[in-house]
Amino acid sequence: MSKREEAHLLNFIAEAGMLKRVKRSGWWVLGIKNSETVADHSFRCVVIGYIIAKMEKVEPYKVLLMTLFNDIPEARLNDLHKMSQRYIKLHEAEDKVFKEQISRLSKGIKGELAAMHQEYRRGVSSESIIARDADILECLIQAKEYEEHGFKEAFRFMKKAPKFLRTKSAKKLWNTAKKAIFVFSVYFNSSSFINIG
Amino acid sequence: MSKREEAHLLNFIAEAGMLKRVKRSGWWVLGIKNSETVADHSFRCVVIGYIIAKMEKVEPYKVLLMTLFNDIPEARLNDLHKMSQRYIKLHEAEDKVFKEQISRLSKGIKGELAAMHQEYRRGVSSESIIARDADILECLIQAKEYEEHGFKEAFRFMKKAPKFLRTKSAKKLWNTAKKAIFVFSVYFNSSSFINIG
Amino acid sequence: MSKREEAHLLNFIAEAGMLKRVKRSGWWVLGIKNSETVADHSFRCVVIGYIIAKMEKVEPYKVLLMTLFNDIPEARLNDLHKMSQRYIKLHEAEDKVFKEQISRLSKGIKGELAAMHQEYRRGVSSESIIARDADILECLIQAKEYEEHGFKEAFRFMKKAPKFLRTKSAKKLWNTAKKAIFVFSVYFNSSSFINIG
Amino acid sequence: MSKREEAHLLNFIAEAGMLKRVKRSGWWVLGIKNSETVADHSFRCVVIGYIIAKMEKVEPYKVLLMTLFNDIPEARLNDLHKMSQRYIKLHEAEDKVFKEQISRLSKGIKGELAAMHQEYRRGVSSESIIARDADILECLIQAKEYEEHGFKEAFRFMKKAPKFLRTKSAKKLWNTAKKAIFVFSVYFNSSSFINIG
Amino acid sequence: MSKREEAHLLNFIAEAGMLKRVKRSGWWVLGIKNSETVADHSFRCVVIGYIIAKMEKVEPYKVLLMTLFNDIPEARLNDLHKMSQRYIKLHEAEDKVFKEQISRLSKGIKGELAAMHQEYRRGVSSESIIARDADILECLIQAKEYEEHGFKEAFRFMKKAPKFLRTKSAKKLWNTAKKAIFVFSVYFNSSSFINIG
Amino acid sequence: MSKREEAHLLNFIAEAGMLKRVKRSGWWVLGIKNSETVADHSFRCVVIGYIIAKMEKVEPYKVLLMTLFNDIPEARLNDLHKMSQRYIKLHEAEDKVFKEQISRLSKGIKGELAAMHQEYRRGVSSESIIARDADILECLIQAKEYEEHGFKEAFRFMKKAPKFLRTKSAKKLWNTAKKAIFVFSVYFNSSSFINIG
């Protein structure tokens, strides 16, 4: 691998590092100043993607990649929340960025990521449906948690989101989650973590 | 004024309030996590706009409005830094937002703000040139300050910006500012605030 | 304009920059750690001042200046909340600071700002009454927003403030605001931003 | 899947959510107050793990899982930096936590994660060596970035870490990274992101 | 005193300084991101220790030392919340650290601190019981305050803690505190600070 | 002790709690946004006060009280940095506040704290000189640490402060501290914590 190829891989790592600074802006709309980063969100998306894939008996590999790189264009675009998408064609912009982001990566990586991105965008394969559900579920659970932290409107803020869940597993998880309390119960020596009443 | 008209004015105030939460994302690129808000930036833009207008012997009123409302579309768009503008047509998006933001305001306000926005966009009048210079100068001085706070690359980050200054007054202020040290000298009983060597 | 005069203008810009770091301390009393800056607050004061001036059919220019520079002494004094004013003569200290802050600015600016400050302090002219109302209304709306963000005592904290509003327009805006919910409704495709029930 | 099994999966998701709040404490030692979260770090570890796996021609799947769940015990243990490990047997504590964290998950997930954790702990397989290198490289690059952000001692702080890198690919990436500057060059229309001189 | 002895005292001061950066991690479990530091907590522990000692008619000196240095091992261990103590023997680790922290201090200091630490650990003397109560009461009052700041589960989070209070004075203070509202009433010209209904 | 007396003690504890939110504003002047709290500072002042007292062979008890309560008036006054003291008579305001803060506390506490405050203000006794030195030394060491964290002007900012140190011990500690590097050396298995070259 040439010096130049390594530099392009480092560039890509630096873009992932940028996501450790980009704040999730949708929560600002709700009044949450000190919101988590895009990297924070992506991390849990991958975890949730893995779990749903397992529940749905789908090989997790592609789901992991989709959830991992889904928001990498935000390193160049900043986080564009729902409201901004009334004015900006998000998918178009993201596609342009992603293409540039991977354009100089070594062939094996570039090919795999390009195919994965396209499959995700089409939203037809099980993997892409699961990855999308993981993204929505992460937001919903985060909203639930923020509601416990005092942001009273968090629930209303997300009220349409559950309708977009498509897998049976994600729907079931959300049905349980929405009634749970997310203060760690293990703290109180109970047998389960969250409190599901 | 009807209840409805009042509500639209409150909406507008709520949008200005959103800017107290939207973080200036350009500094994230530079590595500054805890960057100031758009409202923070806009505040000093108005101050600088007022000063340049006075120096240039131009009536400040329109400059004040231009600098005050210049970034109000970011309440709906989030802050789009230079890099994102490779992929998104910022002015087009901003124009669409601003039009919507003022569309239901009472006539007197709507008319004045629409005219002001157009004049700023054209960039021909003295007022619009000063307002633009105030925006650039605010960023340049902030970069200078961040450099003093340890962000070594801040200067390089902004190296092209000074070329876009157009008024004599803004250029002169920058020439002095770039050599100054922004720790408050009054602290040490000196006669001036900043230290200009 | 001499080098020295420019330096004094830069000093003044550096003081405005300080307000991007000074935190509004009244909210700390209420328990809000991560409160907004004085610059954040001043920014929305100018916006609200502009709106009330328009509603009251008063030329906004002086209102803009009054709201813009009202808190500039806090660059040297820190933010002195209501409780501290039991022990410190705030107006006296502010007047001393403001006089020093503008003392070396070029004549045109110094004269205008001195006159504006005096008029604001007297509180007789329509402009000064509007500027004061803008300051109060900004705090009230912010308290309303913080209450939505979980700070249950925010309302009680501000209960005396509405009595100090003097213009009809500010009173009407507050009457609508206090019943509204400030989560952006546009997010949910409704026709207005805030939700006024 | 029973209600109870779902609740245990939600528990696990809540633990991943905890990592969005746990701060990386090693950087505090260096003086960085506002350090990133464990989730931030883990996110980029997965990205780097993927890249090294590809460079080393190893199937990435297990590397993805190892880097993703490597720090999940910190949801219950807090982040234990190098110095604390003089006094606490970190691996022993982590193993105990991880065992509990997965003990009630559905069989398929539990089995896979247990095997993956053991393989990582043994550190013999290519996948485990790559995952470990990804963890080290993420820290090294972050230190490099923090050094650009003013923390002068960041380099010295990490001086021993490069010696622990084992794959050729990770070593090469670090050799390039340590000379690079991580301010995004794309900002200045250059052809590559980071500046490698 | 030799250069070397001074350096060891400085080391100890640097460790105390580390506590200004270490965040209290128990609150993260509850959802509070921006929690106070260990130094913040220790400061109020000393204040409360002083008050309880006075109420209990016990000489405060040893209580002051116990509350002041109680958490100094966290400079090396990070803050280990309740949940982590299921997996880590906290006291054992703390004792090891404390021993090292004071091992090279000059004799007078080392002797006094070692004796004080042992007495605190035994928990038999009045002073050690008061110091422990001060620690618990600080947490309980902080939880009460966080509850007012929107964290609804704060009370449930601490429900077992009051049972561990042992002095009559601490119990009485908590009985009053748990019904109070901690917004400063002096703000409203009332005769007492907190509102006890 | 009556219900009312307890309430006043709780008030006092609530005031100490306020210091966990009040930010040290002097550092804002220097450009440090995310500065420590007054409680953070006071905590280390007590630690340093204890050390200097021991070095100077003075009974530490009164020094502990002086350093512990020195900044408690800032709960009502906010933190008034050096610059603000050009315009506000700090000692006068502090004395007024402190008198009120302790006025309703039970006799034993009130008497002791009043005497301690007076002795500190007079600045004649060894204890008061040591307490003052502890306050200065805490700031100087913090400035040294901030300088390591990138704030280049930190040293210049504090250049006059060392002249005000009066005890031999504080002077010696500062002479060693100013040449040290405060990154924890124990991290690298060295025998001392800070690096004194």
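In this document, chain identifiers A, B, C, D, E and F correspond to the written order of the chains, with residue numbering beginning at 1 in each.
One rule holds in what follows: a contact is a pair of C-beta atoms (placed from the backbone, for glycine too) under 8 Å apart; a residue touches a chain by one contact, two chains touch by 3 or more.
Keep in mind that what you see is a predicted model, and the values were worked out from it rather than measured.
Visitor: By that same contact rule, can you tell me which chains touch subunit C and subunit D alike?
Guide: Touching subunit C as well as subunit D, we find A, B, E, F.
Visitor: Treat touching chains as neighbours: how many steps, at the fewest, connect subunit C to subunit E?
Guide: 1
Visitor: Tell me, please, which chain's centre (mean of its C-alpha atoms) is farthest from the centre of subunit C?
Guide: D
Visitor: What chain lies farthest away from subunit F once each centre is taken as the mean of the Cα atoms?
Guide: A
Visitor: Mind checking subunit B against subunit F and telling me if their interface is mostly the same residue numbers on each side, over half, or mostly different?
Guide: At the contact between subunit B and subunit F, which are copies of one sequence, the residues are largely different (under half shared).
Visitor: Between C-F, C-E or A-B, which shows the same interface as A-E, counting it as a repeat when over half of the contact pairs match?
Guide: Interface equivalent to A-E: C-E.
Visitor: Give the chain pair, either A-B or D-F, that is connected by more C-beta contacts.
Guide: More contacting C-beta pairs are found at A-B.
Visitor: Go ahead and note the Å separation of the Cα centroids belonging to subunit A and subunit F.
Guide: It comes to 45 Å between the two C-alpha centres.
Visitor: Distance between subunit B and subunit C based on Cα centroids, please, to the nearest Å.
Guide: 18
Visitor: So what's the Cα centroid distance for subunit A and subunit C, whole Å?
Guide: Roughly 39 Å separates the two chain centres.
Visitor: I need the residues of subunit D touching at least two other chains; which ones are they?
Guide: In subunit D, 18, 29, 31, 33-34, 76, 83, 86, 145, 149-151, 182, 184, 186 touch at least two other chains.
Visitor: Got a list of which chains touch which?
Guide: So, checking each combination of chains, I get A-B, A-C, A-D, A-E, B-C, B-D, B-F, C-E, C-F, D-E, D-F, E-F as the touching pairs.
Visitor: Under the stated contact criterion, what part of subunit E meets subunit F in this complex?
Guide: 1, 3, 6-20, 36-37, 39-44, 46-48, 50-51, 54-55, 60-61, 64-65, 68-69, 76, 104, 106, 108-109, 112, 141-142, 145, 169, 172-173, 176-177, 180, 182, 184, 186, 192-194, 196
Visitor: Can you name the residues of subunit F that touch subunit B in the complex?
Guide: Going by the criterion above, the answer is residues 29-34, 82-83, 86, 149-153, 156-157, 159-160.
Visitor: Residues of subunit B touching subunit F in their complex?
Guide: Touch residues, subunit B against subunit F: 34, 145, 148-151, 181-184, 186-188.
Visitor: Which stretch or stretches of subunit B touch subunit A in the complex?
Guide: Answer in residue numbers: 18, 21-23, 25, 28-29, 31, 33, 76-81, 83-84, 86-88, 93, 96-97.
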